[in-house]
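Next up: the structures, one after another.
The following pair of complexes shares a single chain, chain A, combined with chain B in the former and chain C in the latter.
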Partner chain A sequence: MNETLATVLVGIFGITGSLLLLASALAMFRVRDALSRINVFSPATGLGMPLIVAAAYVFDLHSAGFSWSSLLMAVVAVLCLIIVSSVASNTLARSTVLSGQPVYRKTNPNRLAHPPAGVVDVDPDVDVDPDVDEG
Partner chain B sequence: MTIVVSICAIILAAAIVIGLIRVLTARDQGSRAVVSDLIYFSSIAIVTMLGIAVSSSIVIDVVFLASMVGILATIALARILTRGHR
Partner chain C sequence: MMRIIHGIGYVAYILWAILTGSFTIVTRLFRTDYAEPMIVELPMRCATDLEVTLFASSITITPGTLVAAIAAGNSASPPVIFVHALFEDSEESALAGLIDMESRLLAMTRGRAPGAQPENEGDRS
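Up next, the complex of A and B:
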């Protein structure tokens, strides 16, 4: 692989990945609550960082030549970024809901605001009549 | 190669600065956790670009290890948000 091709490939992959991270950072201003921010964060980890890994692999291919260990590490890094970051985002979103962070009030439909159909939601703050069986 | 890597590093530094401004102006803790995660990944990308700029031979290793242990920071922030409860 000659110098020009390596530079062009590193440029395409690196600048596209960097722009995705920048776009994700800008999108943090556009959305209003933490759950939406977790949602708009996924392009950075799902596409931006794998492109950065691709740029690093192209540079490694150019400077050190082909080796199976670098290819394996690059593939595992991309898989980790996609799978592990999704699990981490899921955990963060779950703890965000559990710790009671506010959801933007104009979110529609907002299925977190109402219990699902068929679920009896008893308000513990309201005094119930002791004669009535709650069932 | 140096020019390309410099452009990438400048874009990533802009992303980090914008993220820090967002952390300063955020009102809830969940947003701060998410934006700090974004800053972590941007800094990993800057370290990768630095490795490319100095023609280091461990660029792949750096990004491999960082992507594998990146879950730990997010899980720790999630546990902090719920005060240690699962």
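Up next, the complex of A and C:
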């Protein structure tokens, strides 16, 4: 591979990925609650880190030549980053909600707190018959 | 065969959504009103565990949307997904984007695009 082309590609992928990580970190300061912070971090893990892996693969391609094993490692790394990022964000968001972390007060609409118009939520733990006494 | 074509289209759609969503998050850094968070509720047409898992993962990997909770369905009501969205204009546009993604996903897993409404208990096996 051409020296100049390799340098340019590594630079583009690496710097873009690093800037995406930086932008995600800055975005975490612009939002107010835990759910939003988990939300705005997904460009870093979903796009920034795969770009850095791409930069590392191009560098390896240039310095060591083509090999199937390094290509396989790069593809598996990118797939794992995307899948693990998604599952981890799901788990973090679920634990955030379940732990009772406060949601930013300007979150509107908040369907976890208020059902949509026309929907009646029936709590199965509450006895519907008011005449029955307990115990 | 149709599933493979829909699957390739769906992967391309997800990659494109990751690109545009990341672009949105980065460009809105320079605006004063950064985000308008909302949590919307969507009754899912996805029926099996695989479909629900793929749908939740696809939503979460798209920058700007995040699955906050999933309520299990029963014989009378479909499973419901609660999505935290940051950059949508209104609840309707957020739901429209999610329903579009769900239609593409179901076209991949079932081989054809489903109907518009969540299925009733009579259609479930």
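In this section, the second predicted complex is superposed on the first by the 115 of 135 C-alpha atoms of A that agree within 3 Å, B and C clash if a C-alpha of one lies under 4 Å from a C-alpha of the other, contacts with A are read in each partner's own complex, and residues count from 1 in each chain.
In this section, a residue touches a chain if its C-beta (ideal position, glycine included) is under 8 Å from a C-beta of that chain, and two chains touch if they have at least 3 such contacts.
Nothing here was measured: the structure is a model prediction, and the numbers come from that model.
**Q** Are chain B and chain C a fit on chain A, or do they clash, once the structures share the same frame?
**A** Here the two partners, once superposed via chain A, fit next to each other without clashing.
**Q** Should A:S86 be classified as contacting the first partner (chain B), the second (chain C), both, or neither?
**A** second
**Q** Go through the superposed model and pick first if A:G17 touches only chain B, second if only chain C, both, or neither.
**A** first
**Q** What is the contact status of A:K106 with respect to chain B (first) and chain C (second): first, second, both, or neither?
**A** In the superposition, A:K106 contacts chain C only.
**Q** Draw lines from the C-alpha centre of chain A to the C-alpha centres of chain B and chain C: what angle do they form, to the nearest 10°?
**A** About 170 degrees, rounded to the nearest 10.
**Q** Would you check which partner chain A:A25 touches, where first means chain B only, second means chain C only, and both and neither mean what they say?
**A** first
**Q** Kindly classify A:L5 by the partners it touches after superposition: chain B alone (first), chain C alone (second), both, or neither?
**A** Touch partners of A:L5: none, neither chain B nor chain C.
**Q** Looking at the overlay, does A:M49 come into contact with chain B only (first), chain C only (second), both, or neither?
**A** Only chain B is touched by A:M49; chain C is not.
**Q** Quick one: classify A:P116 as touching chain B (first), chain C (second), both or neither.
**A** It touches chain C, and chain B stays clear.
**Q** Which chain, chain B or chain C, ends up touching more residues of chain A in the combined arrangement?
**A** B
**Q** With both complexes overlaid on chain A, what's the closest CA-to-CA approach of chain B to chain C, in Å?
**A** 13
**Q** In the superposed view, which residues of chain A touch chain B and also chain C?
**A** 24, 26, 33, 35, 38, 85, 87, 89, 94, 96
**Q** So in the complex, which bits of chain A are touching chain B?
**A** Of all residues in chain A, those touching chain B are 3, 6-7, 10-11, 14-15, 17-19, 21-22, 24-26, 28-29, 33-35, 37-38, 41, 44-45, 48-49, 52-53, 55-57, 59-60, 63-64, 70, 73-74, 76-77, 80-81, 84-85, 87-89, 91-92, 94-96, 98-99, 101-102.
**Q** Over in the complex, which chain B residues touch chain A? Could you list them?
**A** Result: residues 1, 4-5, 7-8, 11-12, 14-16, 18-19, 22, 28-31, 33-35, 37-38, 41-42, 44-45, 48-49, 51-52, 55, 57, 59-61, 63-64, 67-68, 70-71, 74-75, 77-79, 81-83, 85 of chain B touch chain A.
**Q** Can you list the chain C residues touching chain A in their complex?
**A** My answer: residues 18-19, 21-22, 25-26, 29, 34-41, 56-58, 60-69, 82, 84, 86, 91.
**Q** Tell me, which parts of chain A touch chain C in their complex?
**A** 20, 23-24, 26-27, 30-31, 33, 35-36, 38-40, 42-43, 46-47, 82-83, 85-87, 89-90, 93-94, 96-97, 103-104, 106-112, 115-116
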